[in-house]
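Each remark here refers to the structure printed beneath this line.
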Amino acid sequence: MAQTLKKRSEKVGLPPGTLIHVGERKSERTRVDLLEYDGDHYEEREIERIAECLVYKDRPSVTWINVRGLHQVERIEQLNECFGLHPLVMEDILNTDQRPKMEDFGDYIYIVLKMIYPANPGPGFITEQVSLILGANYLISFQESDEDVFEPIRERIRNGKGRLRKLGADYLAHALLDTIVDHYFIILEKLGEEEEDLEEILIKNPTTRTLQAIHQLKRELIFLRKSVWPLREVVSNLERAESPLIQATTGIYLRDIYDHTIQVIDNLETFRDMLSGMLDIYLSSISNRMNEIMKVLTIIATIFIPLTFIVGLYGMNFKYMPELESPWGYPAVLLLMLAVSVFMLLYFKRKKWL
Amino acid sequence: MAQTLKKRSEKVGLPPGTLIHVGERKSERTRVDLLEYDGDHYEEREIERIAECLVYKDRPSVTWINVRGLHQVERIEQLNECFGLHPLVMEDILNTDQRPKMEDFGDYIYIVLKMIYPANPGPGFITEQVSLILGANYLISFQESDEDVFEPIRERIRNGKGRLRKLGADYLAHALLDTIVDHYFIILEKLGEEEEDLEEILIKNPTTRTLQAIHQLKRELIFLRKSVWPLREVVSNLERAESPLIQATTGIYLRDIYDHTIQVIDNLETFRDMLSGMLDIYLSSISNRMNEIMKVLTIIATIFIPLTFIVGLYGMNFKYMPELESPWGYPAVLLLMLAVSVFMLLYFKRKKWL
Amino acid sequence: MAQTLKKRSEKVGLPPGTLIHVGERKSERTRVDLLEYDGDHYEEREIERIAECLVYKDRPSVTWINVRGLHQVERIEQLNECFGLHPLVMEDILNTDQRPKMEDFGDYIYIVLKMIYPANPGPGFITEQVSLILGANYLISFQESDEDVFEPIRERIRNGKGRLRKLGADYLAHALLDTIVDHYFIILEKLGEEEEDLEEILIKNPTTRTLQAIHQLKRELIFLRKSVWPLREVVSNLERAESPLIQATTGIYLRDIYDHTIQVIDNLETFRDMLSGMLDIYLSSISNRMNEIMKVLTIIATIFIPLTFIVGLYGMNFKYMPELESPWGYPAVLLLMLAVSVFMLLYFKRKKWL
Amino acid sequence: MAQTLKKRSEKVGLPPGTLIHVGERKSERTRVDLLEYDGDHYEEREIERIAECLVYKDRPSVTWINVRGLHQVERIEQLNECFGLHPLVMEDILNTDQRPKMEDFGDYIYIVLKMIYPANPGPGFITEQVSLILGANYLISFQESDEDVFEPIRERIRNGKGRLRKLGADYLAHALLDTIVDHYFIILEKLGEEEEDLEEILIKNPTTRTLQAIHQLKRELIFLRKSVWPLREVVSNLERAESPLIQATTGIYLRDIYDHTIQVIDNLETFRDMLSGMLDIYLSSISNRMNEIMKVLTIIATIFIPLTFIVGLYGMNFKYMPELESPWGYPAVLLLMLAVSVFMLLYFKRKKWL
Amino acid sequence: MAQTLKKRSEKVGLPPGTLIHVGERKSERTRVDLLEYDGDHYEEREIERIAECLVYKDRPSVTWINVRGLHQVERIEQLNECFGLHPLVMEDILNTDQRPKMEDFGDYIYIVLKMIYPANPGPGFITEQVSLILGANYLISFQESDEDVFEPIRERIRNGKGRLRKLGADYLAHALLDTIVDHYFIILEKLGEEEEDLEEILIKNPTTRTLQAIHQLKRELIFLRKSVWPLREVVSNLERAESPLIQATTGIYLRDIYDHTIQVIDNLETFRDMLSGMLDIYLSSISNRMNEIMKVLTIIATIFIPLTFIVGLYGMNFKYMPELESPWGYPAVLLLMLAVSVFMLLYFKRKKWL
């Protein structure tokens, strides 16, 4: 977090709309792919000169422009100028610590959200900001990295089957949102597995590392919540937006995404409750172990301390100690010590310390 | 939970409306029972070919189609086509980790909720998703397993007495909801008994297992809350729905179910408060036991340590130790040690450690 | 709680409106008293045959029917039929684990709430469900037991002074509500005294029993809150109800009851805050006592362990130990040990352990 | 609290509007002062016979009647009759455990709130209930004690400068409210000082008394919150009240008081957060001290226990122990013990226990 | 805090609108700078006589009056009279413990908020109250100190590029707000770094000082939240204010500031969650260290206590102890002790204490 905050704070004092890429540089090149389709045909190509996009802007077919990598600011600037977007929108696209939100600018709707997928290879997960510009017949999507999570959607368009080819840009936007929300379930599954592993360790042999792992998991949950809670609002606002850009038939599909978002939140809350329960168990198990150690110490000490006293007693060098002279003295003392030990053990038994 | 999340995450990337049964396979066959009735007669039969349902769709009498087992996806698909349901509804029916919700599609209302009943035999309880499609004169109910919890309602229809035969499909839907909510009270009763048992153990002899049991109970409460809280909203929405499918006279019965739901929630919250109190008592009792152990150790040690010092003193081998030569030395030391012990005991008495 | 839940769960599967008395049987007989009054006269009698009530139903004077004991279900059923009440109302009256609520049925308003009074003799308090049916010119009140808490109101009617005789059934209902809310203050006073006693014990000599008492008090608070929070809503709804059954002049008196309810809730919340403070003090005092025990052990042990080592040293049987031969050996060792002790004591003094 | 609850519970069963002074008797006499003023003149006198007030009721000038001491119930009753107040208002004035509230009766507005000022002399603070009746051209204020907190306002009226003389009774009411809210800042300052003192003690030398002081402070905060939170609502309601009694120009001054109230609440919340932080530090410092004690014990014990074993070893009386005969035995053992001690000390050093 | 509360409480009893500077005196002089600009030209000068401002009041160009230092009350009073501001506004400007708020007076909007920037040099940060008066074509800003945080804005005006010169006073107000909110990110970055440092220390070697640092950080967060939460409301109210003073085009820029504010709040909440996690880790690490100390003590003690007993046994002076005479006695005892030690070590190994 400190990383992004550092980048963010460098912008202080600049006028709003100043175009600087705030965030990690995840891809060197800014690749622009265009996909145009309607019920009958589709065309797919990479765009070299941004101006080529202008041709597609007013065609009746649906145009999907997918931008990957945000570092070539000037290319993105050209694209924004082509489609006449507000400078603040462009600033938000480039600033990758946005909170998920949705803004209706009349001609187009601007949506920004967080896509999360497991790091491959390696532990943890990767967060990427995805911005969508939904126009009347076009959709522009901006990704931070080269990761091609939207390939299945492209595949569905190429196949030409299903609703996707027949419906407009709003349904395409829905499809992207749906993919992103679906990815949260993969993360939830991973977290669920980690949580179960932790629980097992917790019962068997908890260490300070377990505690740190619990807190690591908690931190990931906090992070995830920060992405998902506002998403709920975004989808809800989209569903209720009285915008001509979103058709009534798409509304029910957005409602479906909304339900999934609620499900993700529900699961996150349950995880959180479980984690705080795990913390209790951890602390109590530490405390129990302490008790056990104390018990062993106490038992050993309380048995041997009186015995040591007795042997010390008959180690004294007084001249007149009649017991020392007696031939039964030694066995009698041994018996006495045996009796003391047995009594102690019985006492501990009764106290349920053994 | 991890189980269902795993299944859920396998669907990622598929278009919405893709029909896959997400959840545990609780029944191999998909059994469809039909029950048609009005004030005068009733007919009851098992449906083999789904198309047979079509006949009943437009009859004025009430038709109740009860589907048990969700694994034969194609049969359910046929049913949905017969009644012209939205693909997303069908997806939701097959996806058994839905959050309870209610959606009004105009022609029909889709309700999904969780039925919970105690596992028989065995501890714990079983959760099953129940989906209801309430149309103008028909009700379709989907259950995950073969468990026949709705038999008492069928019995009431067969008897022909009471309001059930005289009223419409909405009243039948109410009867099913009522049965499901009533089952929560059985679960509450079981939880209440478990809680009282735990409390008794807690006062008598708490162990780490008690803590785990408390957390197990807490987890069950979290789980139950997750089912019941949205249910409250579902029933409340149904009651206030301005749908021609629900008649005014049914409203008051829905209000009754709403009250029961609130009662269940109230009881759950009270359980939760009690459980957190139990956690406090557990931790404090652990801490008390520690104190007791420490006290025993301290008493034994502090009495014998000075005595052991004294006997050690007269075990020294100095040539010139006048006490050792005196015939009163030994008894004097014994008396001294007695005095020290008595003083110590009195001190502990005053400190209320004995 | 488990008790009532058990009874409640026996009703599972029965159709709504089935009349079974759910709750403890607090009175064998169901006694019905009638009190009719207007500004000029009043009549008071016990009703044997329920049908006698019918005469009073349409008279312009105010009729108050007070029912004590809910176990003779058939008598209550007759009464309900006389006044044409909804079967669900009757079910709610008989089911004594209702949440306080208020329902407007047009012709009559149904109010259910909890009356709480101290058990006499004995500790703790008794909860009783009171149901009120407020009609145009009649009021029916249902109590669980024979306890006559409404006697002062009857006395005020008999005296014929004050507003009560001049105003309608709604004002009578207000008077009953007022009495019930006033009883909460008695409970609050008792709880306040218990709380002060506990606090004193807590500072003087806390034991595990104190903890249990704190939790007992907490539990009583939870229980009380469960009764009072919904009551607030009930009174507020009554006040705002746009029902012809409640006259404008009564509104301000209901507002007064509302204020009292808020006061009760405020006091409960303060109690709760205080109790959690007491829990902190308890835990800290346990922890302090542990510290004290450890300190005594440590002081005794750390003083005597080095001394015991020294005397052990000169108890060794080496042939060549020059100190043993010296006549100053013994006094020198005694002085050494004195010095060690004094040093230790000064060290503890500086550490503020003494 | 228990005190007031006791008084309150004595009223149980009496009809509403019964006039009994519930609360501590803070002043024997009920002193009534009258102050009449307009832009040009002012008159100030003590009222002996309540009926004298009637003359002022309908004059166009502003009349302020200040009542101090609530115990002569009959005088207050006469006053209420003069101005035609509702019996419930009078009951509320006399019942000094009211929650701050504001009620609009059309002809007049009834406001009740808590004035808090530091006890002088002595620690703690005194709470007094202040009731205001704001009419078209009069204001009646009721105080519990003789304390003359409103003297500065009277002084401003006498001076004849400022807005006060030129504006109506509503502005006078605002001035009283402003004085009362301003007094909260004095209390906040005192609490702030107490809090800083506590913090210093906490870092230097925390004892159980510190804990009790923290909880005492917490309790005072709870108490203060109970007075201030509803006050916020009262002022906000006054500001938004569409009453002809409050002129538009006064609205902005009420807004100012509202801001001050929010500021008081903000400070209270900050205090609360700080106090709970202090509790954490207290508990952790107790726990640290425990650790320190344990460390000393462990270091002393673990160094000397092996040494004591060694000297015990050579104190054994076996006939054949070659070491005992050697002239190097004694110095060798001394060296061995030195080595053991040094090793132990190095071990503790590495563990950072020293 | 106690400082400001002290100053604040000195004002008690004075009429509202009394002008006293409440707060720390951060600058001796009250410097007034004027900057007038429109699209074509700009003028910049320091104002000596306040009356000079009057000339600019009604010119169509935008006039920005920047006041630094609040201690020369009479100069500020003159300024307020020039622009006809309400006395309460002036009182609020001078009282530097205001809660951020926004008030619409029709002719002008009064905004007060907190600017926070890192102390330079030194740790911690400095808070300064900034008040803005936004009129039709003028903006007056009040700062407490000489710190010139708005210099970059002035620079942008001088350059004459960008939107600033072309738009009105409302856009200028937005620019100041934007600068202030941007400064929060610098603070967040600093806090983030402190938090990461703390975390590292926490894992390596936590001391009581770490706890105090955690609480210091927590306190700074509380303080920051107190400034930022109301700011959110201020910006939101500004955005939705239906005031002719704010043009529609500025609305979207205010929305941008609102988003930034939410982002700051989000980060603060995340910090808070992390801090409470750190507290858990701290307490658990303290508790772990205790365990470790106890383990060492217990291992040493339980190994040597039995051995010391054995050597004591053979140090007894009984005449008839056959073992003492045997030549194998000594080696046998040594072996026995070795066996005991090995057994103990294996036992601890099995318990996982080693």
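Going by the order they are written in, the chains are A, B, C, D and E; count residues from 1 in each one.
The rule is simple: a residue touches a chain if its C-beta (ideal position, glycine included) is under 8 Å from a C-beta of that chain, and two chains touch if they have at least 3 such contacts.
A quick note: this is a predicted structure, and the numbers were derived from the prediction, not measured.
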Strictly by the touch rule at the top, which chains does subunit B share as contacts with subunit D? C
Same or different residue numbers at the subunit B/subunit C copy interface, by half rule: different
For subunit A versus subunit D, what separation do you get between their C-alpha means, in angstrom? 43
At what distance in angstrom does the C-alpha mean of subunit B lie from that of subunit A? 26
Taking each residue of subunit D in turn, which ones touch at least two of the other chains? 287, 290, 294, 297, 301, 305, 308, 312, 315-317, 321
For subunit B, which residues count as touching subunit A in their complex? 1-2, 5-6, 8-9, 11-17, 86, 88, 91-92, 97-99, 101, 103, 205, 208, 211-212, 215, 218-219, 222-223, 226, 279, 282-283, 286-287, 289-290, 292-294, 296-297, 300-301, 304-305, 307-308, 311-312, 314-317, 321, 323-325, 327, 329-330, 333
In the complex formed with subunit B, which residues of subunit A make contact? 152, 156, 162-164, 175, 178-179, 182-183, 185-186, 188-189, 192-193, 195-196, 203, 252-253, 255-256, 259, 262-263, 266-267, 270, 273-274, 277, 280-281, 284-285, 287-288, 290-291, 294-295, 297-298, 301-302, 305-306, 308-309, 312-313, 315-321, 351-353
